[in-house]
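Please read the structure below before turning to the comments.
Which chain is which? They are A, B, C and D, in the order written, and residues in each are numbered from 1.
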Amino acid sequence: MTALLQILFDALSLGSLYALAAIGIALIFGVMRLVNFAHGDYISFCVFALLWPSIEATAFVFAGQLPPYLLIPVILTVGACLSMLSEILVFRRFRNANPATMMIASFALGFVIKYTLLMLFSSRPKSIDLWPSLSLPVEIFDARIPLLQVITIVITIVILIALVAFLKRTRFGLEMRAAAENFTMARMLGVRANAVILLAFAISGMLAASIGLILVTQTGTVDIQMGSSVMLVAFIATVIGGLGSLPGAVVAGFLIGGVSVLMQVILPFDIRPFRDAFVYGAVIAVLIWRPNGLFMPRSAKQRV
Amino acid sequence: MKKLLTGFAGATVIMAALGVGIAKADDIVVGFATASSGFMQAYDKPAQDAAMIRIDEINKAGGLLGKQIKTVAADTKTDRAEGAKAGLEVIDKGASLVVVSCDYDFGAPAALAAEAAGKVSFFLCAESIKAGIQGVGPHSFSASVLAAVQGATMAEWSYNKKKARTFYRLLDTWTEYNKGICDGFDWMLPKLKDAKLLGQDTFKNEDTSIAAQITRIKSLPQQPDAIMLCSMMPGVVSAVKQIRAAGIKSMILNGSGVSGGYWLNATPDLSDFYVPDQGSVYGDDPNSAVNDFNKKYKAATGGEPSSQYVYPGYVMIDVWAKAVERAKSTDADAVVKELEKMKDEKTLFGPRTFTSTLHHQNRGRYLITEVKNGKPGVVDEWTISEAIPVEYLMKK
Amino acid sequence: MTHRPSIFLRSLSTPLILILVLVAFLALATFMNSGPFNQVVIDGLVKVTLVVGLYVFIGNSGVLSFGHIGFTCLGAYATAWLTIPPLMKKMALPGLPEFILEAKLPYGLGIGFGALFAGAFALVVGKILMRLSGIAASIATFAMLAVINTVYSNWERVTGATSSVVGIPIVRVVWPYCLAAVVSIVIAHLYAISRSGLALRAARDEAIAASASGVDIGRERLIAFVISAVITGMGGALSAHSVGVVTPDTFYLNLTFICLSMLVVGGMNSLSGAVMGVVVLSVIIQVLRQFEKGVSLGGTVVSIPNGLQEIAIGIVMVVILIARPTGLTRNQEIVWQGWPFKRVSAATEP
Amino acid sequence: MTLLTIDAITVNYGRLIALRNASLTLSQGETLFITGPNGAGKSTLLKAIAGVVVPKAGTIRFAGLEIGGWAPEDIARRGFSMVPEGRHVFGSLTIEENLRLGVGMRVDKDAAERDLEHIYSVFPMLEERRHQAAGVLSGGQQQMLVIGRALMANPQLIAIDEPSLGLAPKVIDDVYAVLLKLRDTRGLTLLIVEQSSARATMTGGRMLLLRGGEIVLEGDARELTRSDALKAAYFGYGEQH
């Protein structure tokens, strides 16, 4: 029973990360058909924003020393600004380009961000102990669960609720949903395209920042690669969920998190290193079964 | 099209201008085909700096065979295809010793190029048995000690000095280095009477969470005395943090990949954490000459050595230069012959032995560093009771 | 149809021009006779092979594939299995079947079998994957790459897992690579003007109309998928012989993105785009790299910090794509129409 | 007062010329029907005004401003409301959300609420299902919704591409009644594309015939239908009613 509970928390906390990242990607895809491969590098960038640039092995913690009530808004702002900046400088110029071109442009942008970080901080992963008290375990029904896992899940739920409230209850949210569904029609109704897209990028950037904060608290590491693996899974989750469908992205994020934890638990030792092969095999199976994803938005067909 | 070709021709002219050898005939050239950018840069650069210190020392003391040692460098960009180019480039510039990247996988292309050209190649700090005869050829060496020795050292030392009897093996499948540590551990464990493996698991370095693996340890009927953690940066920090966060108190044994205190601020209260080191970067080495080297390194680079992986660079030039002196030539075959005669050759960072079947260390003296309340310090020294057989390592 | 021959000739000029460009590089390398420069040219020719392979599928079908580097991996390991001296193989890869363990083929045959192995694998996997289209197909191909990578990274006894497989004969002469690149261009051109290639491009541009006129899109895609797998598999085998070492992580995301970028920057719907993308980006990279090492201009050495090359190439790519969203060749083929070169639309003429 | 002036615009999609040298003017409170066979460029003309396609040549002035090259949202915000062909409801939004989308640019929120009530009173079905996703509506109901949504913006000029398509005759009557009432009370200007001229004859107003991307005929709707000019201009294809 306690083991089961533990596994449940493992799956939920991993799924939370994937879900948050998947929303960030789905949001942008929704409003402008862009699969943003730079998203993972936004995550890394936000994490590096905790440090002062130096190529020494020891991390020079800078912003990371701020109290949480300042640090969180600062990092969220960094994420939002980076994301918006990339829209203004790069993606805005690709409004009518085909998806492949935009995808490669986003990859090139990510490349630039990654190597800029590499130059400023060197490639050696750095260590930082952010909010050590979150690493302590808590007892839940006899299971000792790291507090951070609980917090990750709670934060994800809070972010999801806030996002739903924003989308459902505000004017901007309404316009964003409309723009995600039919961009041109929304514009003909006076929805300001650039503002909506910029806002979507800002939210996406803030989501990247929150993932970065969770990751760095959990791993204690600041590494250039750290966003990439999350981003890849999130990208897949977005497709499985049905591109552009936010609920789909969330569900698929949790699904992939759950499946990988489950595989780690049930696979025998000799096959365990092949875990990802099974996970990706499952991805192919799902795609064959439902090529348009689990939750295809009603209007997606005509556009993709 | 036309523009394109013109541009291309221009580029090649530039290349040709640079490609011409720059070394004087009476210099001995050491070529570094290492990473000055990309991921490996952080590992190659410090060891290369240490090598430069030894080269400087030799040059100041009158040089090698009466000649000055010159260095040339080419960037591998942490890319294998670029590595082959870099190797060819330094050979083109007359290198008689080709120094290649710290990691076997990234160093091999350049080392293979050197081998094909009949030059001696040295891996800066690769710890796979392939970094040498087995994976490159008879002119290739590594300056470090096999990863397996680290795993074996930790097992034997903890068994003898810490009374560890029950073990758990946690392998990060990312690199050969990680597997090497666990191979050494696997070899040693059956030799230890009553020592028992309670279980084992794997993870991937990039896994953001190893919660499932930790749950498996915690569901064991009995918690292990020691966890052999075969992993490396950056994933290892995350793994250690999560293991301790989950309340697992077993001592954690490691390879040298976690050497150095630079990452410990991620885990400020870490205790019962043990690392094998070739020399101490913490300023408390039993050999004061090592502490002197650390000062010299700081003077040359502006910072303390970040980990023990600085040291093999120094050892490398040291043993190679000795072999050149003894052979009275930089001719590859003669130098190799002299290197292979070395048996427990003293260096600043432990003895070195090369034979005609192994250009690497399958046994070696290690300092044991303990991390206590987040502070590292040398607590012991250990040399495994017997060398790990080459056949065992090759089968792995 | 009196103008037929002229169209045929003009379309024939495309591969000829591209081949001439490659042969010019071969000649230059022979003339320079410098080890490092040879390696640069070899590397470029391997990339040409890979990107042309990608083009055969992506360019004709319009489906972006993230999986082809998986075929590169298959080809590279296949030639490694066949060409490494048996003694080394028995040590490093004892899990291989007996007849492969005993084999010691010349590298040419190794490359050939590598290409065929990749093609055979693509035939099996393609039967399943080619039912998909659009972004679902892209993700499915990526999942295939991830599965291949995971298996090759962990199958200790057959692939040596993550450790480098060594002992592959290193080929440092340029002409085999040039030959392979030329062969891949010829195959790509022949496919593009074949009935299947035409049908597939028609389906790419007008999916509904094409399927209404009886084009079996799945079948045509499968054909393109297999042919492109053969070419990318061959490229992988070549890359194995160019460096002498293979590891699974060489054939993963980085290479995938680099090759896709070269294709898209060149112009993903045209063969000329595939070749020019590689040539242009490679030349820019080499020039930037020279600046990293330092270039003496008028007596003063100009150099840029190490690592700036990667940043610069990223920016260059974005700028090219902003200026030419459909790639350097604007998705058109370079054809001979007297001097200078002129382009025609790839949609109307292959 | 002239509300819209289109002067010699040409629109092409690649090599295909969809609209050639088309000019027209429209005064406030006027009704203009555009008719013509399939592919004549009717929808393209509306899209050009809306800013969805950018003319290659020519100028468009709306409400006293040169709007050529403007973004669609900016044109909409000047008081141009468009109902494109093919019922673009936002399927995942509720009916009321769809309607409220049109209000975004208005400052007179109270009046907007009254307009909402008004639209609900004309199309009671929409009110009944106001909190359901618009995707579940039938084709005709969706048509009502998009017209209602366009009116919610309180535009000066509304352009509707084939309002009758898929609607029951009774509903068509209702739709026109609303439009004409707004024209008479608020001075709303109507620009309506209809493939047939029947409705134009019934409603009255000006009519314009497009064929092959060119304006071939223009005049009073009733007079044109009475004379044979329209039929002749439409030729080949014939009148459908």
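Observations
In this section, a contact is a pair of C-beta atoms (placed from the backbone, for glycine too) under 8 Å apart; a residue touches a chain by one contact, two chains touch by 3 or more.
The structure displayed is predicted, hence computed values, not measured ones.
A summary of chain positions shows that the Cα centroid lying nearest the centre of all protein Cα atoms is that of chain A.
For subunit A, the chain whose average C-alpha position is most distant is D. Distance between chain centres (mean CA atoms), subunit B to subunit D: 74 Å.
Work out the mean CA point of subunit C and of subunit D, and you get 51 Å between them.
Rounded to a whole number, the gap between the C-alpha centres of subunit A and subunit C is 31 angstrom. Centre-to-centre separation of subunit B and subunit C, using mean CA positions: 35 Å. Under the contact definition stated at the top, the residues of subunit A that touch 2 or more other chains are 118, 228, 273, 276. Each of the following residues of subunit C touches two or more other chains: 153-154, 307, 310. In subunit B, 37-38, 41, 173 are the positions where the chain touches two or more neighbouring chains simultaneously. Checking each pair of chains for touch leaves A-B, A-C, A-D, B-C. Within the complex formed with subunit D, the subunit A residues making contact are 171, 174-175, 177-178, 181-182, 184-193, 297-299.
Considering their complex, residues 3, 6-7, 9-10, 13-14, 17, 56-59, 61, 118, 122-129, 132, 135-137, 144, 146, 148-149, 215, 218-221, 223, 225-226, 228-230, 261, 264-265, 269, 272-273, 276 of subunit A touch subunit B. Residues of subunit D touching subunit A in their complex: 50, 52, 71-73, 76-77, 81-82, 84, 88, 90-93, 97, 100-102, 104-105, 133, 135, 149-150, 153. Partner subunit B is touched in their complex by these residues of subunit C: 24, 28, 32, 34-40, 43, 91, 153-154, 161-164, 166, 170, 172, 239, 242-245, 247, 250, 279-280, 283, 286-287, 289-290, 292-293, 295-296, 306-307, 309-310, 334, 340-341.
Taken in their complex, subunit B has these residues touching subunit A: 37-43, 78, 173, 200-202, 204, 206-209, 211-213, 215-216, 218-219, 233-235, 237-238, 241-242, 244-247, 260-269, 303, 306-307.
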